[in-house]
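Across the two complexes that follow, chain A remains constant while its partner is chain B and subsequently chain C.
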Partner chain A sequence: MDFLQLIISGLANGCVYGLIALGFVLIYKATEAVNFAQGDFMMLGAFVCIGFTNHEYMGLNFWLAVPLSILVMGAFGYLFNWGILRHMFGQSQTSIVILTIAMGFIIRFFAGATWSHEPTSLETPYAGQELRPGGLVLGVDEVLIVVVTAILTLVFYLFFSRTRIGLAMQAASQNQLAAYYMGIPVKRIHSLVWGLSGMVAAVAGVLFASKGAIDPSTGLLGIKAFAAAAIGGFGSLPGALLGGLIIGLVEPLAARYGPPGVSQIAPYAILLLILIFRPGGIFSQTQRKKV
Partner chain B sequence: MRYVFKTSYDADIRLFKHRAQAVWYGLLLLLVLATPLYFVAIGDAYLLGEITGVLILAIAGMGLMLLTGHTGLPSLGHATFMAMGCYVNINLLGAGVPWVVAFPLSGLIAGAFGTLIALPVLRLHGVYLALATLAMSILTSDFVVMAEPWTGGIAGAAVPDINLFGIEINRYATPYKFYYLVLFVAILLVWFYRNLLRTPTGRSFTAIRDSEISARAMGINLTRTKATSFFLSATAAGLAGALFGHSAGYVTNETFDLVMSITLLLMIVIGGLGFIHGAFFGAIVVGIIPVAIANGRSFLATTFDVNINVPGLESALFAFILVCFILFEPMGLYGRWLKIRTYFELFPFYRKDMFKRQKSYLKTDRIQ
Partner chain C sequence: MSLLDIQNITLKFGGLVAVDNVSLAVEKGEVFALVGPNGAGKSTIFNLISRFYDPVAGTIRFDGHDLLQNAADQVPGFGIARTFQNIELFEQATVLQNLLVGRHRHRQTGLLSNIVFSPKAYREEVRHREAVEEVIDFLNLQPYRDKMIGGLPYGVRKVVELGRALASEPKLLLLDEPASGLSVEETQDMAFWIEDIQTQMGISVMMVEHDMGLVSAVSDRVMALSDGKELAMGIATEVQSHPAVIEAYLGTGEVSKTGTSRA
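Moving on to the complex of A and B:
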């Protein structure tokens, strides 16, 4: 029973990692850029929702605040691409990596200065409620995380493979120049993807902050999400979720059964092992460029 | 305006383009050699210690510059190699190995270690290298704690003094000797770096940065060349780490953290990616910013009675400066200097787009 309980809380954690990784893979899949600030986006989304919901700030109804904060983060993602990244179009990926790392620092500072540096929890109507199927004790928040994550992953998977705009995003990533020739507005597509990824980050943030406290440095969690994305295989949506779940499950199990200190190292150790033995990740999509 | 007529292939790769350039660099050398005289005159060597710190950062920056600026591979884990160099140096010195042997060895071991880690990832896209080095950088602190017999764990380890052919060198007791030692290492590395860039190896680095496909088409072995670059880069970082240890006097598991790795990367971008000068300019900026912020803060507090005490302000300001540089001056401080110089050299024929690079349209290397 104890073991099952661990597994379930690990699953919930893993889903949050998976959601961050999802936002990260969305961007990578469509624009070939790597957003090293995705964890900070998540943190910002959580704080925006806290700002709308919690009674010491605006005190709005939770069910109104969630769509609002998703919209705000979507706009933030879109504007971030439109205002900053669009000017870097055509520059090397290294400078985009460095730029997003710097943005992460700025977002962290902004969140700390606007809301608080203290760990804050989101006030949700379902806080503390539990489900008890067959002797297990499941927090509603944890169940919600798993359900929402599964739905989102499915929706995005279908979005990329079935819809016109999803295909346009793939095309824009595969060959920018050819996509231009086909009449795809590559730059606007990029901004759209960033907006989408901001929305996913807001969802992840809301789910995370309803489960536990959040503070500006929580954004560093994003690094675990990169590990998740790389384990699953960059550019694969189900891979991102799987990677997140693996990390989420390994952490509590290593903490419970392993020697001290192992649980912190385990996610990155898995990442390094995957990179060494199966460099493309579990759902590998890379191929070597041939001359 | 000066025309340099090249009449032989050797003239194309000469160390100095023309005599005036050699004279200017000679003057610069004289200046850095004479700097301690000023501090002897005022009798306070505190600032000299700061300058030495900047030089050490510049050495690490040169290492990263070779990898990121000249080979085009981002690394977020160079603090790890600094840590490696530092601890190897401490342990070798502790085992009684003379400094002249221990110091280069600490760099080489850090280099070999780095190459071993990076080798599997180097076959992939640069993003994977960034990720692997990021993971390594996060793990550094944990590994330092785990390797307690050699590193002192959380309690930290004291760094022994340098004994160079019977001359005792300590950062605080003999700041001038320490400055000259660091300066010697820095100049040696610059000389090596400059020469490396005109060898076939060095030029194949640049070829890989500009286009991997074209580099392969010209018969460059990508993985081997990238590994060479990584080895040299990590070696320089290891040497810088050993010197950093001597400069700090005491290192713990938190000395070489992720922030340091990221600072190194930001440093070379601000300085100017792809120029040796950039590593030095960046190191100077990184050295100045904390001092400037502290001064600005005390100025505001005493003059306007405004107390700004927001945590994270330093890194946010630093990040903001960086974003501005990437957006408005991607070539960094050195690039700006080049533009200004070209403007005056060509006056009045300078055009705005002279330094504009051709845009590259991305293609994925994934199968979809």
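Moving on to the complex of A and C:
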């Protein structure tokens, strides 16, 4: 029972890591840029929802606030690319990486100044409620995280494999030149991908903040998610989720059964092992070049 | 009215004049070839039509539309498809998937109807699959249908790229060196396909090609370019025997007489 309990809470954490990693991978696949502010996007999404919901701010209904925050973060991602990154089209990866790191600092400062530097929780209608199936004690917040992530994964799968725009995103990520001449507006697609990853970040943020308090530095969680994305193979969407789940599961298990301190090192130790023995990640998508 | 009408187009890269005041027209149903030595500006004209470059002067009209008013991603929508000299395929996708991307401009169903796979989306999908299967039959691509592009030999990739362009049901097909790197047999296949594309499908073709055998076999009219300028225009044999064309390919007699030419 104790073990199962650990697994469930690990899964819930892992889902959040996985969702942030999904944001990394979406942007990397489509635009070949790495958004080091992805964790801060998640934190910002959480604070936007707190701003809408919590009674000391706007006090809106939670079920109205969630879609609103997702929309706000979608617009934020879209406009970030449209207003700033698009004008750096063709610059080196390093400049784009540095720009996103700087953006992370700005978001952290902005969140602290606008809302609070203190740990804050999202007021949810299901806070503290529990499910007790067969002797287990499961927090509704944790169950919800797993369920929402599963649904989101299914929606993403359908989106990328069936819809015109999802397929266009895949095409643009594989060959921008060819995509242009199939009639795909590549730059707009890039902005849409950034919008999409903003929306995923908002979902991750809402889920994370409904489970515990967050503060502006919570965005540094993005580093763990980055490790998750690398473990999964940086170009793979299922890999990102799997990488997130692995890290999420290893942490509580290492904390429970391992010597003290190991749980903090474990995610990076796994990353190191993966990079040594399978450098492309678990779902490696790079192909060996034919000579 | 001509299908494609290019008037007095000029493009400069810094001080280099890549295309110098060229005018040409491609008529409905014809095969039009551009020939000339390397660096003559042939592919550059393709890139101008595809809106990859902005000309400094001139106009490009296609089927009643002013192409210069439109962005690169809108060009396929008017019915222009192209292939590339260096093959630009979606490497981590199958032949079938590449051809289906060619149908992009014809897809109409919305996000939601695609996600729930509504009857309308189903009917549309069936229509696109049929169109793509016809292309696969036409180009004999059945053996490679579900193979990844990454593992295919060069000649097959070349055909897949042609297939992807055809899948978009264009009015004008731009072929950038369709025979380069192909074996003699493969080049022959290419010649038959181009003829069928012209006569059976009624698609106009504009191509850049160095293989004069292929050019003479399939093209109705040929334009020779050198240093961005038009040298000669006419049927293949006329252009090939034109003194200015021979000079551009082989150099002038005078230079070799003075002994400064290494050739």
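We adopt the following convention: the second predicted complex is superposed on the first by the 287 of 291 C-alpha atoms of A that agree within 3 Å, B and C clash if a C-alpha of one lies under 4 Å from a C-alpha of the other, contacts with A are read in each partner's own complex, and residues count from 1 in each chain.
The working rule: a contact is a pair of C-beta atoms (placed from the backbone, for glycine too) under 8 Å apart; a residue touches a chain by one contact, two chains touch by 3 or more.
Fair warning: this is a prediction, and the values are worked out from it, not measured in the lab.
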Chain C versus chain B, contacts on chain A by residue: B
Which of chain B and chain C A:164 touches, first, second, both or neither: second
First (chain B), second (chain C), both or neither touched by A:227: first
Which of chain B and chain C A:117 touches, first, second, both or neither: first
Which of chain B and chain C A:174 touches, first, second, both or neither: both
On chain A, positions contacted by chain B and by chain C: 170, 174-175, 177, 180, 285, 287
Residues of chain C touching chain A in the complex: 50, 71-77, 81-82, 84, 88-93, 100-102, 104-105, 107, 109, 111, 114-115, 117, 121, 150-151, 164, 168
Chain B to chain A touching residues, read off their complex: 68, 72, 74, 76, 117, 120-121, 123-128, 130-132, 134-136, 138-139, 142, 145-146, 212-213, 216-217, 262, 265-266, 269, 273, 310-313, 315-316, 318-320, 322-323, 326-327, 330, 359-368
Touching residues on chain A, where the partner in the complex is chain C: 155, 158-159, 162-165, 167-168, 170-171, 174-175, 177-186, 285, 287, 290
Chain A - residues contacting chain B, complex: 28, 32, 34, 84, 87-95, 97-99, 101-106, 108-110, 112-113, 117, 170, 173-177, 180, 216, 223, 226-227, 230, 234-235, 261, 264-265, 268-269, 271-272, 275-277, 279-280, 285-289, 291
